[in-house]
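For reference, the structure discussed in these notes is given below.
Labels A, B, C and D are assigned to the chains in the order they are written; within every chain, residues are numbered from 1.
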């Protein structure tokens, strides 16, 4: 019989937080212990013990009473009292920088969904301008961090105290490219192009000019050219240089989903079979990646699933390919990957609670 | 030869303002005199003479140079200097309350797109909570106001100094109902239902939780039940009591367009022909209303046109009807109606510049 | 320990069929016995044993192998061989008319998602123009049919051999109205208005002019005025006459979800508390209805859930109310309700597999 | 004073046809002569002289009576009788192949919106599999054809008897690339990537599985990899080989608009100023191209305008650029470009009737 654990979630109010709550509330290994939800709670709500989940996300109300669970005011004492084993942070980068060291100090294992601890190279971290970068504490904390992509770092995640959950765009670019680059197939001199498109939930819940329905609907816009902050993750995890790739995100007029269309040249001519073999071997034992054999993935196939879908097409010469990857930015691009990491950390079935 | 005039627009930055600019820039009678655009301009932009229209609304850039026109800092002196004849206010209600008296005092004619001066009954104005309500100046100004729906008040508009341009929802409910109620056909005891649905541009340009793409997209929500502030306009213009109608607005997941589905009972059995006759007579000489003879209007037919579309279906008894009206909330529901009013005020062809 | 059963699904290729497959594949009581999928299969696919589910609906592929399950060629022999206990028909009306009598004859219990057996009155069935209407077999079959809305007919469903699963619009209108009408509160002389709006999946999977993206997107259209075929269900189940209600469906530019905005007058003044009491008592023991106490349901809250959401607002007089109901047309409006019926028929928890 | 001409349109029923009708009906030089609309007309409609435009496209009804104009049954006699000068074909490729030779023979000038006559190289035409390819008549007709992109072939278009109006995707890729390639800046060895995204109207009006709202909405899909039929146009007009570029179209969940995100490397380091100079010089005298100096174009800026918008961003090295082009596939990508060609053929202002 699998042992259960106590989880806690900071930041259930956001989009990824809501999906994380849904996944944890229905996770077969957590049935007897719903997560503790903590965060910023105003005085009037604190007076009634917190904000009911059903008021924050009416779609989470169910006949098991999930809607009555409350987001309580954050305090380290509360987490201790509840005996939290794994702490999920769906918080802004700066907040994760501040809280993770103390959480580790207090013996909790942390899965951080922000970009706070994903990057090992200072040059790549520069884009975030972390105020504490360079301090001893930050450096020490970074040493504990494992990049939370089980398909690449399963073993380290199993033992990790701090898992830095990957960015959504990064996941959609690393998964299809890593196997080919690792196998030495890709002609880096000619350069890789990753043209990515994401739904609006990727831009967060704060109302801004760019998340206004009138801006996003019936539109498509490119942004962050030559400078999106997920670029550092791509480079470090795939193992390439900035001059090897151009990564361009676009804002799609849909709520959820990411597609990356990736253009590569190969050092030697490939066949569909040779590439499928590389992918199959790389993703053997990786239940959350679906390889498309005879067709290309579409955003609709992966949205509201926990899978990353990968397909490709070769040109007649076998020297050029277009690779298409799709995933749900809130799930495999955030919350599902976090739960997948928890499953690995606990030694549970990696796909538990994700289908 | 028609004489041209000088127009000015306050509030070009909003959605209705952009459409108003487009209409005025291409209006055949205003070719030699583009509008003066004025509004709030920050110091750095004031230093360069204002903000180029092309930066505010890139879609207005054309080969005639419209994109280089500037929104200049508002001042009464500037309006005087430019010899403004008609001032369009696409401003918040409170600002219109403040500015209109001075504009009239300075001899300009005003077309106000806000709700500031539409209502003659104090009880109906209560919903706006105007701070100056009850003052002598406000009362005197209100006396000048004509409700700017040419189909109802063409003659008064021709001579008006202040035209209170109707609300978008109100237009979509008044136009289909007024002819039937005025003809005494409608059984008011049984009550009218006006179930209205509007695109998101009706909610304005400020980013809010409700205009966030994630809230509006793939959704439908009802709001303002028994209390939407366009209700007063309906009652005054149709000439009915609050107990005679229920008006319910909904937020549609589309950028533009309003549909009102209106349910009425008749005192006596009607036929399609008898109702069409009433409508045709009422709208004779009204070029911006299109009657649908054999089908029902849809939002797509009227969006990006200046028309209000009306159609209906009777039940077998002839005693009940469903009437459907559609219009573009930014055009016939705002800017086009404002230009239509200008045309009437100037004695120009009523549909000039609107097709 | 709950006993499992063998289910079969005809019509997995459609939208409701896909959702039904997803629900049955993950139903806790059916873990050891995936459904048998049968239907029309072309010769080339029959040669490989049928069409893999993963080719029909790539989003159903999972690590449990669901994508490899096949839709096999329909035959009564196959169903017998597999020992099918409950047969789900997600088929056209005419096909259900033809197949249900034989299925009953062969001892299977049937849950029919079409409109074939929902109506007891010949006048209401006229809209379908069933070719076999009036035959003895049809009449005998109709006697077995129970209208599959557990909130109204839980006991009869438990023992039913044939469950006629309700229409999506009908569900969204019956659930909010039945409790009030049954309690004698509604003033029928003044008439009820049900203004309903549905996403495009309700129009089925066949490509038509009306399901074309260019027709449906950025649009809203009313249809089926005074004649939609769900009207008969409303009347029979609520227990009112055709002259008591006007029901108008609209096509919303969203994939899924129904909202019905319902206007009623009461014989006597009501309060929020008095109405909530009526609803609470009526829906006691009904886990799939969520009552909204302080706000109105929106389509987003219920989409991709199995719930019907109900909320309302009274006017100041207490004599008029606007009731808003929302549900997912493919779930509580079709597949989830079918599974809910199965749960009732088997004596399982009514919400099993639906959250 | 400009002389007017008689135009005719075959294929007003489609999306591009509707836009073409709208443009021609409001064209300042055609005020006294509305286009002749011809096409396939069923017997019952032929009996009443054709199908009123207002029944085909209700949004074209206006107070000038445009809705009463009729699509009449096609015949060469009718075109002769009406004295047609320029014939617009918004017809399928095969139909254009058949009709153009006769139209030319009869002395009309033709602007063909199909792909029938765009390609000079047999290898590129293979994708269309024209049945008459290789015949003398086809070869002779092809000799008359001028590729209808005024920015590239203004002089030849002025005198052309047959203008082959460009494809929508092709326009969005040729315009931004041609100036750079013609100036010898682009490093073709490293390859160009053109990642294009188009709204659903590009897929035509026939209801298909891919134009179904449920397929297109909330989705993104790539198609036509390494084989889309606009590829030949790109190659011939830009003057590059198939191995120099990868062009990948995607289906966007919006009604209209194309964005192409184009990735190039330069032989030598460039600056923003050096590239803007190349573009400015190339597009001097081209009113329908808008260069974005400080920002990137978005689909919203160009939709429902007749412009092609171009912007770009260089990386720090000056050796790589991402170029973004946007246009409305039905306007600059089809109908507006056709009208622009007519303007050039008649010696009118090139932007006449396009703003």
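The rule we apply is simple: contacts are C-beta pairs under 8 Å (C-beta built on N, C-alpha and C of every residue); 3 or more make two chains touch, one makes a residue touch a chain.
On a predicted model such as this, the values are computed, not experimentally measured, just so you know.
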| item | value |
| --- | --- |
| Chain separated most widely from chain D, comparing mean CA positions | C |
| Pair exhibiting more inter-chain C-beta contacts, A-D or A-C | A-D |
| Gap in Å, rounded to a whole number, between the CA centres of chain C and chain A | 36 |
| Whole-Å gap between the CA centroids of chain A and chain B | 46 |
| Where chain A and chain D are represented by their mean Cα positions, the distance between them in whole Å | 41 |
| Contacts with 2+ other chains: residues of chain C | 215, 217-218, 253-255, 300 |
| Contacting residues of chain C [partner chain A, same complex] | 26, 58-59, 61-64, 218, 287-288, 290, 292, 295, 297, 300-302, 304-305, 307, 309, 351, 355 |
| Of chain B, residues touching chain C in the complex | 190-191, 193, 195, 197, 215, 218-223, 225-226, 243, 246, 248, 250, 252-257, 259, 261, 263, 265, 296, 298-300, 303, 313, 315-317, 320, 322, 324 |
| Touching residues (chain side chain A, partner chain B) in the complex | 15, 200-201, 205, 207-209, 211-218, 253-255 |
